[in-house]
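Look for chain A in each of the two complexes below; its partner is chain B in the first and chain C in the second.
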Partner chain A sequence: MPADSVLPPAESVATPEVLPPPEKHVGVGGAILGAVPWIDKTGAVGGVFRAIRSLFGGMKITGGYLMRPSTVVTQQYPENRETLKLPDRFRAQLAFNHDENGYHKCTLCRICEEACPNVSIIITGREKPAVSKKELDSFVWRLDSCTFCNTCVIVCPFNVLRFDGTFESSVYDRRLLSYTLNQYAGPVASVLEKMEDPEARKAAMEARDPYSGAAIIAALIEKQKATKIAERAAREAAKASRVAAKAAAAAAAAAAQPEPPPEAEDVG
Partner chain B sequence: MSVHVSTLQARITGESTASSPLSTEEYFVNMGPQHPSTHGVLRLVLRLDGETVREVVPVLGYIHRGIEKMGEHGNYRQFVHLVDRMDYLSALANNWAVTMVVEKAAKMETNDRIQAIRTLVCELQRIQSHQLWWGVFGMDLGGFTPFFYGLRDREQICDIFEKTIGARLTMNYIQPGGVMFDIHPDFVKDVKAFLTYFKSKMPEYDALMTENVIIQERLRGIGKLSAERAIALGATGPVLRASGVAHDLRKSEPYGLYSQVDFDVPVGTVGDCWDRYWVRMEEMRQSVRIVEQLIDNIPEGKTFLVKPAAKIKVPAGVHYSHVETARGVLGVLLVSNGKDAPYRIHCRTPNFNNLWCIGEMATGGRIGDLVAMLSSIDIVVPDIDR
Partner chain C sequence: MSWPVKTIAERTGDLLPGSPWTAALYVLLTILAVTAFMTVTGLVLIYAERKIAAHFQCRLGPMRVGWHGVLQTIADALKLLLKEDIVPRDADALLHILAPVLSFAGMLLVMIALPMSPSLQVADMNIGVLYVTAVSGLGVLGILLGGWSSNNKWSLLGAMRAGAQIISYEVSATLALLVVVLFSGTLQLSGIVQSQEAGWWIWRAHGCGIVAFAIFLIAGTAEINRTPFDLAEGESELTAGFHTEYSGLRFSFFFLSEFLNMFVLAAMTSTLFLGGWMPLHIGHFTVFNGVMDIIPPGLWFTFKTTGMIFLIMWFRWTFPRLRVDQLMRLEWKILLPIGFVNLFVSAACVVTGCYFFAR
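Showing the complex of A and B:
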């Protein structure tokens, strides 16, 4: 083998089962049937039978499956929804781990937001009234840009996130692919559990639903637009006041002239 | 060494070399980018003389996503999940290639359990990749039944991956510093059940296609690639081994636990389509052997040795590492400037080099054989363009 001189062979190399090379078709029928590869040397059609036999070998397999319907593996998907069970680790939708009281442990540390390779997690916080730290307002996950790499789940130090097997997430409107994962806004579970009064707990929490995500993003965009409009208005007002001040200064300068024009008399 | 550069336009308007005694002239056919047997958006421009192929020019770029450039904008852990999308049929091996270069450069430790799990899942994925190839190969040759049987058996491996990893295709499982999850409690049981099942199915594969005389005659002698040309074109994996070069990184530069398991590297003799078919069929059996040896001997230990959120800093310099995927050698070249994000990442992907062998194989052959040749290379187009 010429290749052996080019690269050293690996330690143990299997000898390939060398199949016989295709036979030359030089028989009696070879002139006419030379194009048919399974005619053997003598021009007899023994090769044809060999080919047909091998065909029947394959057809025995497919026919065998026809006889044994128990080997069918096809799943009738929309009908078997009740029995369809996806594995625990299946990555279909990001979800919050809520404890039995419905509390989560997200402390707004933003480690998952930083670890996300394609900015699919958008976390907004808000000022906590009593403490200087911020608390969670909304945890928005964008399914449309998520690549299901699972990095956010493994980096979370408080085990807040998980992927669950809710896989039927197709919608007709792309904006509905942004989910708010937290069920409430407000303090973390550890703070809530210290509150004795259940009414106080309720007052500290503010309900969130999954589809407030898109609305929040829209609201943020609206807010940005409003800020821009306000900024522009402020800029224009400042410009106007600058122009007015300039004009006033010019007028004052004109008034200070030793020989004012006749119109300035009226102003003075 | 001189490099001949010509544009596609120059080739199309170039001189005709038609050899037919009839007054024919050469003509061009676009195969793809939307063609079922190019396995994706690959475009082949064929210069034909009647039924004879005179030249094949692959035109690339239809699925270029700039994965290497995107890698420069994130940290090392974020780059790992992007390489899933290169060669999606061996996503775990791609993960391992990046992980290996980062671990080698940053001197991160691993243990035997991590290496055993990595070796196991990569071999399982090699089997499922070859199963899919077998099915699609049969379909390209005109038989639809192998496609069903190949995908039916591949489903078993996908189910095992679903349980342990949680994904079927883009897995992002092998991470710098370990693997993302420990194996599922059912993993060993499921893999053993699969091995028993699959070993009973291999004779069916043989009866259906390997022993079929028509398939043999169809594949033998077409698309020949000599060992010298295969090496010159940079072919790797089964394409190179079918040409008779016993080059397998699992043997020549063992990584993972490959040095501790016993397996053979099948090689071909002539480098035609039949050899490539036979090498892949034999590789499936060898992978089953590797999995059988490892499945009962997974050592105890942790599966993630660093904090997942910890920043990985790679010392400045150029680092390289490569693995043997189901289709050949995937090399990752990493240029680091000492920060926690790569300065430049380049992937030497197996399919890119393997694709250029099609020119060598198809020139002078018949257009009817071209699909068989293309399918016997087993290309994955997103890996060519990245």
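Showing the complex of A and C:
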């Protein structure tokens, strides 16, 4: 795995303002401890002074925060919507990395789909007549079940996925929380770049919008429903056959008293 | 410069021979003023605590209600007043209702003895220090009753912790207080303030003052149940401790008395060790003293008390909470011996007159 795929391609990780490390503090306790050489610095009395020193060290840190209002990290969200500053590694919505031509590099390897702990990624491929391999049809990401664990971003060998800061995702229908992330269905960037004819490229790319995934989810749900209905029908059939077998067994028992029918248990 | 002390009680006494009705009206106005003062102080303290705590933790605190959230505590107080007041079915109803009142009364009774300025003190007893020590014990009674009557194990545990803690730390606080009584030679609170005309006891007493100040501050913080000594209500251990079962107005009584107790502690500390309303004087430096006298005594009291309150808040938002055994060890094995030694040393200082600007 290439090292740069461990983190999302964050533009720049700003170094946070670093406070002086606490060991450097020479508070009142430290001054006393230094001035009195006969105190055993590791013993009980030295421990008291070390405790006092660490208390002063803590007060220095909190006092420093109080004195510098620039350290406040609170965002006043609805008011500062225009100037909102999000942390670089904030995980809000999964997004596809499309290059400047709008091409992506997803090879349909399905590693991310396998790695996702709760099946929040559903990938469908399609056969492409021009190229012998399969290519991406739709990459559906379900915000409603995603745990934002970042695993998919880390495992993707082609650095296709990233988390971006689009966090205003509330909707009134949870079906709208399934997004298709790829902007087109078609071959990867390297294949597209090899095509000379722009018309051929255009023909290879079929546009996808974020909500073409909803249909897929609906289809999945329909499929689940159908499975359930089929299961229920199977159960009912089994029950009916069991009842019929019992009745048959009872009839057989009435006909021939001495021997109970052995099949009665097997059906259940 | 002399500081004639005139208390509100004395003024009422002066009015009494003329017309008892005027005196009664004066008393009524005083009660109203004290109530208003306490309410406003409580609200301001709660707002200040929330703001300061927020900035200690890189947050902003209340920002929405009013300019920078100044009306937030008023909104919260109104909300508390409108909340349903619940007495649990299995609780001891009488004690449950009585407990917050007792807790509040303990704080209120200390408040009337505080010398805020030569002309602003409700009553000035000649045994003021003894009185303050005695009535502040009422607060722990309220906490114990509150925990006991709630019929809830968390409340009971919190109350028992609070009882053990407050009674233990009262010993150290009183020992530290006695140092000041020794030096000033009086139990009267205004007398203690007047005795610091040449300088505050915290530095005049040759180190004994600083030690006593530290002990009093630590023990006092423990007595008002604030972090790092908030075992009585440690929310990670006991949900809310002794006031788990309280809601609405009665909860707000507990809450308000907790915050006003902080004010009382800060005021007592500044009265005993930082000269109360007495301006900063240094011995016989008349010019310096004259310059300091320009600022009126009431403002001095306000400055010092505010400073102490800020320090206590700073403690709260920095220090981690102690365990119960650490709490008891700190009191009985560290503070108490130091307090006793300090008391003996200061007694020796007073007998030999070995302190700054001894008379």
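Convention: the second predicted complex is superposed on the first by the 139 of 268 C-alpha atoms of A that agree within 3 Å, B and C clash if a C-alpha of one lies under 4 Å from a C-alpha of the other, contacts with A are read in each partner's own complex, and residues count from 1 in each chain.
Here, a residue touches a chain if its C-beta (ideal position, glycine included) is under 8 Å from a C-beta of that chain, and two chains touch if they have at least 3 such contacts.
Just so it is clear, the structure is predicted and the values come from calculations on it, not from any experiment.
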Is A:Pro198 contacted by the first partner chain B, the second partner chain C, both or neither?
neither
Could you look at A:Thr62 and tell me whether it touches chain B, chain C, both or neither (first, second, both, neither)?
both
Just chain B (first), just chain C (second), both, or neither: which does A:Val73 touch?
both
Touching chain B in one complex and chain C in the other: list those residues of chain A.
55, 58, 61-62, 73
Spell out the part of chain A that touches chain C in their complex, as residue ranges.
48, 55, 58-59, 61-63, 65-66, 69, 71-74, 76
Give the list of chain C residues in touch with chain A in this complex.
52, 54-60, 63, 314-315, 317-319, 334
List of chain A residues in touch with chain B within their complex:
1-4, 6-14, 16-19, 21-22, 37-38, 47, 50-51, 54-55, 57-58, 60-62, 73, 86-87, 89-91, 111, 115, 117, 147-151, 154-155, 157, 163
Residues of chain B touching chain A in their complex?
74, 77-78, 80-82, 145, 152, 155, 162-167, 170, 172, 180-181, 184, 204, 207-209, 211-214, 216-217, 220-221, 227-228, 231, 243-248, 251-252, 264-269, 274-275, 278-279, 282, 286, 304, 308-309
